[in-house]
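Both complexes below contain chain A, partnered by chain B and then by chain C.
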Partner chain A sequence: MKKYRVAYQIALQETLQRRSTLIMDRLGGFAVVVSLYSFWTALIGDKATFLGYTRAEMLTYVLALNILRSFVFTGRGWQLVGEISSGRISSYLIRPLSYHGYALALDLAQKTIHVAASFFEVSLLAVCVRGELFLPRDPATWLLFSVAVLLSSLLFFFLEFMVSSLAFWTSESGGPLFCFELFLQFAAGAFFPLDVLPLGLRRALEATPFPYMVYFPVRIFLEKVPPFEAMGMLGMEALWLMAVFTAAMMIWRRGVRSYAAEGG
Partner chain B sequence: MPGPKGPGVTIIHKYWRIWLRTASMAMQAQLTYRLGSFGFLLGKMISLFFFFAFMAAVFQHVETVAGYSLVETALFFMTFNLVDMTAQILFRGVYGARRTVSEGDFDFYLVQPCSPLFRMTCSTVDFLDIVTIIPVIVMTGMVFARLPTLGWLNYAAYGLLMLNGVGLIYAIHILVAALAVRTQELESAIWIYRDIMFMGKFPVDVYAPAVRWALTIGIPIAVMTTFPAKALLGRLSPFWIVYALALTAVALPLSWHFWKNSVARYTSSSS
Partner chain C sequence: MAAAIETKGLTKDYRSPLKEPGLWGGVKSLFDRKYKDTRAVDGVSFSIEEGELVGFLGANGAGKTTTLKMLSGLLTPTSGAATALGHVPWKREPAFQRSISLVMGQRSQLWWEIPAYETFRLNQAIYGLSDADFKKHLDELVDLLELGEHLSVPVKKLSLGQRMRCELAAALLHRPRLLLLDEPTIGLDVVMQKNVREFIKAYNKRSGATIMLTSHNMTDVVALCRRVIVIEKGRLLYDGALDRLVERYADHKILRARFTTDVEPGDLKGLGVVVKYEERCVTLEVPRAKIAASAAALLRSYPVADLNVEEVAIDDIVRRLFTHA
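And then the complex of A and B:
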């Protein structure tokens, strides 16, 4: 475990060293949240509820998006594509470490910084909206939400890893990865709650692992799902994670077997 | 020696030929990268489709947003896409500006008989955006067909402010390119612009007054994306039209001056 802890610490220092990039990243993400927040505020207007969400719930959904984007959507997919395409992956394959463990350590470092920044941003916005936010009343909700977010993060990590592993067979895997990430963000509810979609489309999306990354965790946080049902959701999410993990590892092993690098 | 058509026409002809040549090279590169290009294209289409579906779905539940109907909100969204995609097609080179500088390609630009700014900003053409803009134009036509009858002055103001918006975006791209030359860093400067541009997807009227002012005066996203649509709908006063034109008239020379100053300080960053 020590080597992964060291990798985590080094990655943390590297992220903090590139402060201007970090600040710009956060500023850009913040602009998206302000934009969505304003749009929903305009939509709600003077209405008591909209799509079954009260004003406080809807605004909490948008602010929770900022935190979840920082915690869930920070995988290592693009780095993996670059490392396979350039052949740099060779140096990791011969080291006495698990590439997945190493990538998870780096990812965790990135998440640590971005989640801390997103909490600051959300607090800032919460002050601006004068505390008009929904906070769970039941302490169990916090626990259920935390577990859901942790599983979501791992689900995204291995899903992205699976798609990025295409780079073992083609140097053009950037396109499919870009397409996958965009689709995933919409299908996960990272731009708007899936409730807004027609019932048929929503049902179809709910049968995929994508809503487990944002939409379902936020619904748990907003106590829109009874605790017993929430536990069922977590069980389903765990099953999806196992399935995706197994598939990702299988593709990885096949990819490594077919991988060839030339030069020094 | 200038040709028989005069020096101005000769220069335009020269740059047109350079643009065509580099655009052709970019297209060939993208055609050899078929799976990758298809993925990027599909991603752009998905983004467009989902946002449009979202807008349509939202208006199943409300009559208006910030005083705008579905057709009017769609007009804002399509105008944003038209302006944004036109800029992406024309000024794509800026996205790789830092790499151009750090890998030493910019040194070659400086010794070529062509404006380095032109080479840096305009000589990379993203054909995927050209393909993506076609459905956007068709959808904009459909939105236009659902608008009430408008006078030719409205359409003229719309066209003028769209061009003005592209000019203003060019000023921002020059600024980003100049920052890359000056610092050899700030790769994310263009991405922060892209994220902030996200705010232009909605009419500026949905934002709180302070944000609205920031988007009109500070980072003028509203001038680029909201103003043309508002002018078409007859909801933009002549004062703001003059303001938009004056802003671009000031921003372009200022960014050009900053670029020249940055190039003058440049001492080569590669080996």
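And then the complex of A and C:
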């Protein structure tokens, strides 16, 4: 385990070293939240509820998005694509190291910093909206939400890893990864709650792993889902995670085999 | 002594997609992709004993890097067998991975934004070195490679030579018993090349590690290797003492001179074979035994502005070897 702990520490250092990238990243995310916030505030207007969300709930959704983006949507997919196409991946394959463990350690470092930054941003925004937010009272909700988010971030990590592994076969895997991430954010509910969508489309999306990344966790947080049903959701999410993990590992092994066959 | 590396009929085919030219060709290849098999390494057999330092020579695309990649476990061969330190490399057993290192001159394992020391610390953890061993090995490498003040500077701020030395240190921190070096001096200036060469020699002597090295630079090979293995188009051409190879196939050196006035190239024939003469510059091939005399004669009888004596490029020797084979 020590190797992954050291990788985590070094990645923390490196992320902090690249201050301007970090600041740009945060500003970008902040701008998204502020625009979503303004958009929903305008839509809700004087209405008591909108699409079944009270004003406080909707604002909470938007602010929670900022934290979830920082915790869930930070995989190492682009790094993997780069390392495969540049051949740098070779230097990991010949060392006694699990690339997944290593990438997870790096990802965790990135999450640590981004989540810290996003808590700061969210507090700032919370002050601006004068506490008009929904905070669950039931400690069980917090627990369920935390478990959901933890699973979500692993789900995203391995999904992204799976798509990035395409780079083993094609030099043009950046395109698919970009489209995938865009679609994923939409299908996860990272642009708006899925309630906005027509029922048929929503049901279809709910049958995929994507809503487990944002939409469902936030609904758990907003106590829109009874605890028993939430447990079911977590069970389903865990199943998705296992399936995606298995597929990602299989594709990875095939990729490494093909890399070893075709040359790095 | 036991063999550190043993290969038998090692063969590697690469499969690359063929694409017809033009946009239509691109569209067609989407649906009906044709492949071409290229044999990069063709039935290569050799054995290297523990502690040997062997030069691995061949022109570009001869199959050197592919062989090193198979020996390090990165590539699986199409056919044939190999063992390195008693392991089948491409099984990638951790015990094997802990005892080898592959350094590719053009690839880096260092973290770019932070000092090299951090990469060393990561390698300490990856290879499971105790703090005492880490310190001992690192001190030795810092000393040998003169790394001192470079350890605390972000890697991106280092010069190429400084980075290459850090790269070597990162690769050797765990004291590999087998070291595969692919073009370790590429892109370095002459002084740095010499330092790196001296270091490789010292490391081999001190640790008794087996080293296999590819280089385009004949000076590297001459300075380091008593034995060389030459491959051309994937086939083994020569395996034996370097002395015999150079004597047999590079019996001359290259003498280059620049004159201050025009010279009749025909007059220079007595000094060696005139390979090229243009813009007052001549390139001569001179037999090894005559090199001093020819250089002295040139200086004595002609208005020489500049004079250089060089070894024949390794590619030339290999080409010669190939045409003789």
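Criterion: the second predicted complex is superposed on the first by the 259 of 264 C-alpha atoms of A that agree within 3 Å, B and C clash if a C-alpha of one lies under 4 Å from a C-alpha of the other, contacts with A are read in each partner's own complex, and residues count from 1 in each chain.
What we mean here is this: contacts are C-beta pairs under 8 Å (C-beta built on N, C-alpha and C of every residue); 3 or more make two chains touch, one makes a residue touch a chain.
Since this is a predicted model, take the numbers as computed values, not measurements.
*Asks:* Would you check which partner chain A:3 touches, where first means chain B only, second means chain C only, and both and neither mean what they say?
*Replies:* second
*Asks:* Is A:51 in contact with chain B, with chain C, with both, or with neither (first, second, both, neither)?
*Replies:* The first partner, chain B, only.
*Asks:* Check whether A:229 is in contact with chain B, with chain C, with both or with neither, and answer first, second, both or neither.
*Replies:* neither
*Asks:* Please work out whether A:198 is in contact with chain B alone, chain C alone, both, or neither, and reply first, second, both or neither.
*Replies:* Touch status of A:198: first partner only.
*Asks:* Counting touched residues of chain A, say whether chain B or chain C comes out ahead.
*Replies:* Greater contact footprint in residues on chain A: B.
*Asks:* Once the structures are superposed on A, label A:132 by its partner contacts, choosing first (chain B), second (chain C), both or neither.
*Replies:* A:132 sits against neither chain B nor chain C.
*Asks:* Which parts of chain A are in contact with chain B and also with chain C?
*Replies:* Correct list for chain A: none, the interfaces share no residue.
*Asks:* Looking at the complex, which residues from chain A come into contact with chain C?
*Replies:* Residues of chain A touching chain C: 2-3, 5-7, 10, 13-14, 17-18, 87-88, 90-91, 93-97, 257, 260-264.
*Asks:* Considering the complex alone, what residue numbers of chain A touch chain B?
*Replies:* The touching residues are 20-21, 24-25, 27-29, 31-32, 34-35, 38-39, 41-43, 45, 50-51, 170-183, 186, 191-192, 196-198, 201.
*Asks:* Under the definition above, what is the set of chain B residues touching chain A in their complex?
*Replies:* Touching chain A from chain B are residues 33-44, 46-47, 50-51, 53-54, 57-58, 61-62, 65-66, 185-189, 191-192, 194-196, 198-199, 201-202, 205-208, 211.
*Asks:* Looking at the complex, which residues from chain C come into contact with chain A?
*Replies:* 14-16, 40, 66, 69, 72-76, 90, 92, 94, 97-98, 100, 102, 104, 107-109, 111, 113-114, 118-119, 121-122, 124-128, 154
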